[in-house]
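Please go over the structures that come below.
Okay, so chain A shows up in both of these, paired with chain B first and chain C after.
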Partner chain A sequence: MEYVRKLMDRVSVEGVKIELLNTAYGNGNTFLAKLDPRTLFAWYLYFGIAPWFIHDVVLLIGLFLFMTVTTIMSRVSPLIIFILCLGLLSQAGYLLVVSWIFGGGWDTILPLLVLTTKLSVISMASITVFCSMDPEKLSDGLLSIGVPKQVSFGIAYGYRMLPSLLEEYHHIFLSFRLRGVAPKRHGILYWRSIAYFLKIAVLSFYPLILSIAKRTRTTVEALEAKGFSYAYQSPEVKKNKLSYMKFTIRDGLFITVSALYVCLLYLFTASYTF
Partner chain B sequence: MTEQEVVHREVAAVDHTDYIVSMDEVTFTYPGSEEPVLNGVSLQIKRGDFVAVIGGNGSGKSTLCKTLNGLIPHYYVGDFAGSVTVNGLNSLECDVARLSRHVGYVYQDFENQLIRPTVLDDASFAPLNYGFKDYLERGKRALQLTDLKVDHNEYIWQLSGGQKHQLALAGAVSLDPEILIIDEPVAQLDPCHAKDIYDLLKNLNERHGKTIIVIEHHTEFIAEYCKEVILMDKGRAIWSKPVKEALRELEQLKASQIYPPQVTQAASLIVETSEVGLNSYPVRLEEAVRYFEQLAETIGTTVAGTASAAIPADREVEGESKTLIPPVIEMDHIKFSYRTVTRQRKVVLKDVSVSFQRGDLVALVGNNGAGKSSLMRLITGVTKPEGGYVRVKGTNTADTSPEELANTVTYIYQNPEEMFIEDSIRKDIEFFLKARRVEGYQQKVDEIVETFGLTGLQHRDGRLLSGGQQRRASLAIGVAMNPSIILLDEPTANLDIATRKDITRLLLGLNQHVETVIVATHDMQLVAEWANRVIVMNEGSIVRDGTRESVFEDSELLELAGLNAPQIMELSRKLNMSPLSYTVDDFAYRWNAVLPEHKKHRDQENGIESGQEVIENGICS
Partner chain C sequence: MVQLKKRYVLTQSQKMMVFILSMSLYGLSNMITELIPSFQLGPIELSVEYFAFIPLTLCILFHPFYAAVGAALGEIIFGEVMLGQFGGLGELEKFIGFSLAMFIAGCLVNDPKNRRQVGIAAMTGVIIHQFISCAVDIAKVWIGVEEFEAVPGLAQSVVVVEGVSFLNDVLFSGILFALLPTLYLVPRLYGKIEPLLGMKPRNNKTKYSLGEIIAPRVVVISIILAVTAAVAEFMSESDMALIEWDADFLESVGGWFIWVSIGVAAVVALITIVMLLRKGKKTPTNVDGSQQA
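Up next, the complex of A and B:
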């Protein structure tokens, strides 16, 4: 009981907000964060897609190890790691159960485990890339590779709004609590309390949506006055905005080391097979 | 049209003053609306002027300002007639982007106007969009002009309310516009920041030659900073006058629900009753000091030691029996901190011990971040103290849930919109009663809706009401919970003065049903008129807990906690009146207590029966 309460205190809306912001903006000092976004895109193009077409277990494990290293380098927040592990473990667990029920043995589990490994390699590559770019960098990067301005602006703006939206959500959530009635008994495995909290967690979204709609009015007017749609017609603006981006030795080093590792991995696998 | 208006217009037609804004017969109706918001507005604003636009709610002030940067008629495409010329440009011929380079706009909800995540990024956003290569320099210059001293890479959600306002202002000046429009700067800021912002605007006006237009309810700020006042009523510009003249139009101001500065009110109240006064009312504090000194001199008497009108509510009435009754709320060695984005802990309350009794009307004051809201939230049980304990009617908040405590405690948010969880205010008011399956709640809700003047609005969505109506609705929601303890966070913030008076009246009615009321506020007039106990907080500690006298007579304390005493109190202090007057009524009462004596005396001497006595030595005009 006491333990559950302590856990609940830690998993507060406030805590989630802090973790999210840290994930988005808190990793500005790592090696990976200092790379040019285009480098990261290029890197991701290989590591995010190639694993789908690789069926060699050794090769996959090699990539898995490499991704583990880059994920550690990008210093992601514990929350993300927790979610990743939760996803992978539940997947593995479910595979085990399914193969056991349908009478399969190692023959069925093994290919499914390969799939899990692939998924985790891709997930970790994504985490490495997207946690190493703050939303600003991501949106500028997307802009530089030709994604429409609205999309890249939307990403940056969404993140700018995130903290205030979470705060407002929290207030509304508390409004429900400060006027509602919590179940008298917790029920078996706390099901009554959990159902109560889930219910107000969902209900809190409705007032939030309405108040977002209201706030947006000022924002849209301000965007208009600050020349956002005016800038849309001018390529000059994009050039000015992106003029700070450039490739450095760091980028070269990162790409070279990655390429070298992958080549060695292929050579190793080849020698192992024959 | 009044005679004065005609004269005013004729003058405008012949002289060659450099007008930066001219509006001629401007009429505008929002799409889908029947009534025009602006109805034949004609006015001029001089280059380099500092103008206040005043008027009641819905008089068209904001709409007027939106015609200047072209949002009307280009963005809001309603029925537009007439012409607006801004800095030589006709608003019909130029789009919003072009006009925005001449007109900067700071909204009332300025937080939504900050678009980018970091400080410099936001300040330089407009120059970037307009294609300036040196956009970063322009942004930096704007930050310098608005005196925002934070790291350029700071995230905007880390800024305080005052800093956010400065940043919004920086965004508006980043294009170096000739005109700046600021919508209700005082409403959302605490009094010290409001003064800072006005000093900043004054600097921009005097040193950088900007034309400043503010929409403002607070006439004390208008008297102090503005040069010209435009009165709007029902979509018309009634007049445009120099500030002193404007603030002495008491009848017209009253008709538009605008309250003149307290010192002006006091002088006029004395004239109304005693028919004694000098020929023009003071509008600023220094003027008022001279005015009343001269008045005292002329009548040869002083009010320094006269008794107050009403004996202030005294909570010590019950005497010794008090100590035997257990306190309603008991806080013992409370410690509280929260985690910031940088994962460090910020201490908000350090070792606070305090208890609240039955009958306490507590004002919790102190600058932003002093820990007022945290203290109140601890009482509701939504947060638990890290050290010490909070007992509400004997129950330790750590052992119960906020839902359970809600039977005793009601917390009313600073932003009423966060209390609207249903789609009509009636449903919001009944939420608590319905959830608890109270018998016959409908009837109770009917009564509350009636008391709070919400009958006509009860089926509307709370979010769509005006500020004053929202505030009334949020109070009604709180009262419907039938609490023993009511906690209110800034109940009078962001309201025009007339609505504020209304809310103060409702607050005064609360103590009949409730044991203890605690209000966190920056509104010193409310403190002076309502509270019987004042707690001053500073940096997470209580630095004073006593009567309003013990707070307001200690100028060092006021300075420390960033409090501004009400103007009428400053006046009585400067006039060496003891005890100090806390309200205009009390001030006038004390003067009136002396004046008729004098008047009777004079009348007998001169053989005058009655009639207004006006001493002709205009010290103010």
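Up next, the complex of A and C:
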């Protein structure tokens, strides 16, 4: 039961809500957060794709150092960094262990390390870009590069509705627990309790689906009353909505410094090899 | 006859309703599954990968396209953007794979009351989705490591790791959190949830369009064939490498080892195709029967 109770503590609805707002609006005044979203997307387009095709170790380490600096600049919460490291290391470690069974040895470690470096460069690039933007900026940025409007609507809707949906789910879950009978014995490894909770977690969706269906209808009717479909197709609305975005000298500086660093890195690698 | 040909058309706002419903429900469930810890028993990980029953149910009950796209978007927005884990371009692959799998699953069902059809569709959806994500994961290592075949043991270990996780997800998550809940929810929600969104329930008479019904079968078959091809290709490549590093293993097991695996894949593909064809033959009579009745 202790395990389950610990789990329940983690799933406290208030905690989740606070955590959500923290990730969304926690770091609005860093250097990166003040850049134009389009600049960040362009920057990401290089650093998110190029590492896949780079096999040079020195070049990768250079990129890795650069990404470390930008990640620190974006002041991401330590939790996200921890999750990232754990994921990368466990994946590589798992592959390594299994490859030993198939006759691999120390030769396998180096390519796997290179792969891990590569993946971490890419992940850090995406953390730098997407964690430094608050949700409005992200959705407007996506809209400006031609992503369908549903996406930006979805982001806005998610932030507005998710807390109340979570609360509703939690209420249903609790009422299922109140009315039901918890298993008398936990079974080996608490499997009875775990199965019971998972079953409730699934069953709670039945009333929730019906109530969200009602809620959705209200939302769409309200949207239609405000002319959502019309605004959806009109290019003037989009132009008006995005008129506040403009490139500043800061964007130029950021792109120039990054480009300069990458060029120097290439030059350095070239001189290193010959 | 005009009635038979009538397509299942939704108004703009009904499409929007299905989309938002699917997005918020699946997004919410994603957030919940993120919070449930996983149990690792050696290589077998008993984790609640996702509550696939939600998009499956909605794709079966409503227009599969809008429900599938909504669910995939909900996963990205609620499960990634809002938790601060948005992965940029990597999300695109998830989006396409997931919405394709759910769309195919939804299209396979044309009578939500037919439990067998619903069950087959649910499992097909999960299998397609897991297969796509495994293939992408293997491809990632393949592209990421220079001279992939030359690294001892890597090719096999990637395939083994991904294969185990594929079987694990399909058999554990797939049955417990996709097949059973879908079989429970679809008959209960059918006819109840549609009026809440102001639309008529799907039935045998209202079809999407003939093309949309046939196309998913073609897609399923082609995907299965592609799997066979990919497995065969992969086996033959790693086989060449096997001779170099581990000749004893190959000699003792023999070259037939590769053919066994290809054979198994082919048999599985054949069974699925035959089942699909049989179902394909059955469904038109089903529709006709209800038409006469």
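What we mean here is this: the second predicted complex is superposed on the first by the 209 of 274 C-alpha atoms of A that agree within 3 Å, B and C clash if a C-alpha of one lies under 4 Å from a C-alpha of the other, contacts with A are read in each partner's own complex, and residues count from 1 in each chain.
The criterion applied here is as follows: contacts are C-beta pairs under 8 Å (C-beta built on N, C-alpha and C of every residue); 3 or more make two chains touch, one makes a residue touch a chain.
Fair warning: this is a prediction, and the values are worked out from it, not measured in the lab.
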Practice task
Could you say whether A:Phe64 touches chain B, chain C, both of them, or neither, answering first, second, both or neither?
Solution key: neither
Exercise for the section: Classify the contacts of A:Glu224 with the two partner chains as first (chain B alone), second (chain C alone), both, or neither. Expected result: both
Practice task
Identify the partner contact of A:Tyr157: answer first if only chain B is touched, second if only chain C is, both if each is, neither if none is.
Solution key: both
Handout entry: chain B versus chain C as contact partner of A:Arg177, first or second or both or neither
Key = first
Exercise for the section: In the overlay, answer first, second, both or neither for which of chain B and chain C A:Ile212 touches. Expected result: second
Exercise for the section: For A:Phe31, decide between first (touching chain B), second (touching chain C), both and neither. Expected result: neither
Handout entry: Broader residue contact with chain A after superposition on the shared chain, chain B or chain C
Key = C
Exercise for the section: Using the superposition on chain A described above, determine whether A:Tyr266 touches chain B (first), chain C (second), both, or neither. Expected result: neither
Exercise for the section: Scan A:Asp107 for contacts with chain B and chain C and give back first, second, both or neither. Expected result: second
Exercise for the section: Once the structures are superposed on A, label A:Tyr190 by its partner contacts, choosing first (chain B), second (chain C), both or neither. Expected result: neither
Handout entry: Footprint overlap on chain A, where chain B in one structure and chain C in the other make contact
Key = 135, 157, 159, 210, 214, 216, 219, 221, 223-224, 228-229
Handout entry: Contacting residues of chain A [partner chain B, same complex]
Key = 9, 14-15, 18, 21-22, 25-26, 135-136, 156-157, 159-160, 163-164, 168, 171-172, 174-182, 203-204, 207, 210-211, 214-216, 218-219, 221-231, 234, 236-237, 240-241
Completion exercise
In the complex, the residues of chain A that touch chain C are 7, 10-11, 16, 20, 23-24, 44, 48-49, 52-53, 55, 76-77, 80, 83, 94-95, 98-105, 107-108, 111-112, 114-115, 118-119, 122-123, 125-126, 129-131, 135, 138, 150-151, 154-155, 157-159, 161-162, 165-166, 169, 198, 201-202, 205-206, 208-210, 212-214, 216-217, 219-221, 223-224, 228-229
Fill in the blank from the handout: Within their complex, chain C touches chain A through residues 12-13, 16-17, 19-21, 23-25, 27-29, 31-32, 35-37, 43, 48, 51, 53-54, 57, 69, 73-74, 77-78, 81-90, 141, 143-146, 151-154, 156-158, 160-161, 176-177, 181, 185, 188-189, 192-193, 196-198, 245-246, 249
Handout entry: In the complex, chain B residues that touch chain A
Key = 69, 71, 75, 95-97, 100, 105, 107, 109, 111-118, 121, 125-126, 128-133, 135, 155-157, 171, 338-343, 380, 382, 384, 401-404, 406, 410-411, 413, 415, 417-421, 431-432, 435-436, 461, 463, 477, 481
